[in-house]
Amino acid sequence: MNSFGSLIRLTTFGESHGKAMGGILDGMPPGVVIDMDIVRHHLERRRPGSGQGVSQRKETDDVEILSGISPVGETLGTPIGFIIRNKDARSEDYAGYTGKYRLNHADYTYHRKYGIHDFRGGGRASARETVSWVVAGSIVRQWLWKARIAFDAKYVATLDAMKAASEGDSVGGIVTGKITGLPAGLGEPVFDKLQSRLGAAMLSINAVKAFEYGDGNRSARMKGSECADRFRIPHDPLTPFSSNHCGGIMGGISNGMEVNFNVYFKPAPTIMRPMETIDTEGKPCVIEPKGRHDSCVAIRAVPIVESMAALVIGDMVRLHQSYVPLERYPEGYDPGPIL
Amino acid sequence: MNSFGSLIRLTTFGESHGKAMGGILDGMPPGVVIDMDIVRHHLERRRPGSGQGVSQRKETDDVEILSGISPVGETLGTPIGFIIRNKDARSEDYAGYTGKYRLNHADYTYHRKYGIHDFRGGGRASARETVSWVVAGSIVRQWLWKARIAFDAKYVATLDAMKAASEGDSVGGIVTGKITGLPAGLGEPVFDKLQSRLGAAMLSINAVKAFEYGDGNRSARMKGSECADRFRIPHDPLTPFSSNHCGGIMGGISNGMEVNFNVYFKPAPTIMRPMETIDTEGKPCVIEPKGRHDSCVAIRAVPIVESMAALVIGDMVRLHQSYVPLERYPEGYDPGPIL
Amino acid sequence: MNSFGSLIRLTTFGESHGKAMGGILDGMPPGVVIDMDIVRHHLERRRPGSGQGVSQRKETDDVEILSGISPVGETLGTPIGFIIRNKDARSEDYAGYTGKYRLNHADYTYHRKYGIHDFRGGGRASARETVSWVVAGSIVRQWLWKARIAFDAKYVATLDAMKAASEGDSVGGIVTGKITGLPAGLGEPVFDKLQSRLGAAMLSINAVKAFEYGDGNRSARMKGSECADRFRIPHDPLTPFSSNHCGGIMGGISNGMEVNFNVYFKPAPTIMRPMETIDTEGKPCVIEPKGRHDSCVAIRAVPIVESMAALVIGDMVRLHQSYVPLERYPEGYDPGPIL
Amino acid sequence: MNSFGSLIRLTTFGESHGKAMGGILDGMPPGVVIDMDIVRHHLERRRPGSGQGVSQRKETDDVEILSGISPVGETLGTPIGFIIRNKDARSEDYAGYTGKYRLNHADYTYHRKYGIHDFRGGGRASARETVSWVVAGSIVRQWLWKARIAFDAKYVATLDAMKAASEGDSVGGIVTGKITGLPAGLGEPVFDKLQSRLGAAMLSINAVKAFEYGDGNRSARMKGSECADRFRIPHDPLTPFSSNHCGGIMGGISNGMEVNFNVYFKPAPTIMRPMETIDTEGKPCVIEPKGRHDSCVAIRAVPIVESMAALVIGDMVRLHQSYVPLERYPEGYDPGPIL
């Protein structure tokens, strides 16, 4: 339940106010040189306090690689274990929350599910979890870059995050993502379609409420004659179509065009106003939010979107490669008929 | 790759113009009475030719149950094998297609992936595949109904499907789904959030381009102060909130409210006009579509949406039940300390 | 629970006295020519009544392929669905069994687990289930044969099966298996070691009580100086060692030598004598066995052992191939630095 | 590939001479009190240098729990991340090994598989890996103890380990295991039989060459009339049979009797004599073993056997509980017919 993917598989652990976050990235092929500066670069993009409208939690997110990468920085083909210590978890900000369900958080549902809950910062439901996703994704994308597969996402502002923050409010936002360099043929019918896997990945990110690819929800208001992608003539395998309504995916399989998609984020759940809620006994009470909170979670979700896309594509690449035709072995050797 | 779910798992097979479609539904608990008329009812709703704007393929979709259900209609706890013969596959309609890639279909991507492709009707990429999903979903929903969990979906028209059909064109559409009776606590953090699983399920359906739940993509244009769901006071575990912006899911776990979501379909890919395309050698050519084709695939996707939702929820129910506390066994017996 | 394997995955269904047995073989690569006569040959080897000491159930085991193989016999890369109708299930032989637990069968445990049980012939616990395993294994081995990987098993008699049968008794037996042509490098550390997967496969077969590979249980009585496998000098990658104590597997990974293993079968559970047992209410009663039963199940288990081995190796081959290095795409194209 | 189990799942990482070993134990139910002294007790039993005939590596194996257990020692239902630092890895002992394949180790096969290998101490193939298994198993068994399910294993000496050690040689050995308190009904047909899962677990342990349960390989030399387990009359659900030839498992499902099994270990691979081998270029060379090595690996494998058994049973318990009948919800509420 805390694992993502099949052949490239990330398994994570960590509560936001526990000792550490971390994970195990399994399935990375051997011999890939990993530059930890690239990992740190993406962690910095995700870090609270790194942009406008985002929370001021000052964690440097030092990642420690414990296995799977040799001293000279090369993957060994073995699982990559890593941890990020929780250094700056100011639990005192949450002192007033104990036993009270914050609005729009997972406190109520976690408590109903498990009968036990860490009211400091959301425990496992916190977006702090995504630090591990960025570590893993930032490793996988370095492997995929060898094939010139790249991940690119951008924040698209909808409302003014700074203004909302000054009013103690928060805003939603959109992250638009694209995957370039993808060869045709990735994606597995019928239940592991590329869009299913990408959609599940994006809908795993905290605060995401919608996912679309290609023409997306506009498709529902289009005619078939408007949205057909025609083949480029003469045929060009690297850019086979002259338009991209389909978002680079046909029948669940990449067609060689750029894959593009949008991810819609709701406003950050915590707003700086007193909230009427209930406690674990069902009694009404009020929470006065403190602490550091993003006013727009979409801003620093950009590297998270890229990382989850990289994990999906890495898995799909390994699944696809497993179809490599089996050669006669050894060449020229004939042991006679099969029976 | 042709399996969906973990503890309630559907595995399917079948090409649209092969001998039969079918599947194995694994994980159904024993002792559930299954009414095959209910299964047939939903198959009829999905059947081509059963509504306006849908194709005229006349298959009665007789499903044969081969195992897992006793002669008196009770599940045995063993896998339920079933087949639906392909009786009315008019392959002659596809005679002109051989070696030519239909626009907006999976012909090109399947061929690039596998190096071999059945050009008659799309093979495994055909929506014919979903007949097996409806069989399985219609079994699972009868089990879940014992707990009063129900699945309800509706087609929301956007453009005039009849008019488009008369012009040889096709249109997109929306299916809005809801799940009622769901107790709080279903859904598994972190990567098996309820919305991730539902999203992946819906994005597996042919022609689906977008998925949203609760406020969905509108969330991205909202403020936090506008979309907070407040607890009903006094607390009511069966309807705990006074609004449902979150769509019944908080932190990936059901909160006891109705779960609601929208699924966006692109127009049916085949339109009744000559299409310029290429053949398997990359040469330009023209396809003259024949045969029976939906002008709006969303219409008969309604029971498919319900069925996929039922498969997801069934899996989540069994996953959740696996947390049932382990009791001392036997009661009153004390063998002393553990070491 | 009714699926075996990951990338080559067999999912099965069917009760011994239901309508049909069958399965779905997923993950076979496209373009492999399948000779159904080879499948039928192995089914015939497994068939009751095909040898001495085996039961006289007269089923011809006609397998019908429903998908995944083209009309000219080539795999499509799509799941292979197949069924075998139960034609000769003489349920009247079991009439006296209803509600009584046969000794050494799974009647008692199935009933305790599911609260419902088909007392005719064991339902899903019957060795009839293995007919599907032989169909699947006989397909997979034809693919592996392209790489000259072959499966060979033999029955090793311990006691006289004919004599025991004449006394209404039954006997145990051994099947010794080997896999030839296996390249070095197959098998996945740490929990998917080749011997783990093979062991699990063999221990799935009805009546199997033990599995060993290489020197097996004799190893426990050996010294390290006695059982070291030395490298052949000069080095020969195709036969790298001068002995094979390890059974072709080192650290869970094939070393290029023949893989060999033994599978130990207990005597057939049904013997032709009145058996004192209890019924579902816990009351003592007697069963008078009728029907056709093997006196030695190991004899016709030979193709089952081969088939399960083929399923394991097929999975391991695809897993291993998924490590194929990812090439720069397209060649010569340099889009600049990754960041 | 580095994960074991489905609902109770252990994922591990770590090379023997890297920074740390560790893992993530996923699926532990919430609210179980964990005594870390019990974990440390079992780690101590496994520790090199803790018994006769075992290596003198002096690691205290301090385990650090990073998540999933509250400050007061209660599980949260979230994944339990843990690490054990490698403090005493005397890599200088391995200096002479670089580029040379040790006999009977996985050096050759790992190198063939991955094209890269850490020659210091076997990397991931080292038995050091099992430290994480014992941590996880020692947590899981505390949960299962609440139901009085217990794990008991013993080393059975075959040859004199001390004498062999004094001669620079090593010996094999047997570990006999039993599981008590197991209710009837655990184990999943057809491919997740209890013996399949146990066998795969035991065959994952370094140096294991054979697994048997109940009468085991002796079964192959028995008659059916000798090995039938008869029901105790009157029926006693807690000890339903008067003998236990079947080892507590019938048809893959526990029958309520004690489950018992044997695990056969080959001699420790490293012996203190010069070994003729080859290097990575295929050239003959000699290795002079140094360092600390067990002469009999079976001795300290005892808690490993118990731990792996606990992981298997924990998984089976959760799988079985997921069959808990779904109750009508809410009681007394009738929304009318399903359609």
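Odds and ends about this structure:
The letters A, B, C and D name the chains in turn, as written, and every chain counts its residues from 1.
Note that a contact is a pair of C-beta atoms (placed from the backbone, for glycine too) under 8 Å apart; a residue touches a chain by one contact, two chains touch by 3 or more.
As the structure is a prediction and not an experimental result, all values here were calculated from the model.
Separation of chain B from chain D in touch steps, taking the shortest path, is 1. Most remote chain with respect to chain A, judged by CA-atom centres, is C. Mean C-alpha position of chain A lies 33 Å from that of chain D.
Computed from the mean C-alpha positions, the centre of chain C lies at a distance of 24 Å from the centre of chain D.
With centres taken as mean Cα positions, chain C sits 40 Å from chain A. Counting partner chains per residue, chain B shows two or more touched chains at residues 1-3, 12, 30-31, 77-78, 113-114, 124, 189, 319, 323. Residues 1-4, 12, 101, 103-106, 108-110, 112-114, 122, 124-125, 129, 158-159, 164, 169-174, 184-185, 187-193, 195-197, 199-201, 203-204, 206, 208-217, 219-231, 233-235, 240, 245-247, 249-256, 264-271, 273, 275-278, 282-284, 295, 298, 319-320, 323 of chain C are the ones that touch chain D when the two sit in their complex. On the side of chain C, the complex with chain A involves touching residues 6-7, 29-31, 38, 41, 77-78, 141-150, 181, 183, 189, 238, 317-319, 321-330, 333, 335, 338-339.
On chain D, the positions that touch chain A within their shared complex are 1-3, 9, 11-15, 18-24, 26-27, 30-31, 64-68, 70, 74, 76-81, 83, 113-118, 123-124.
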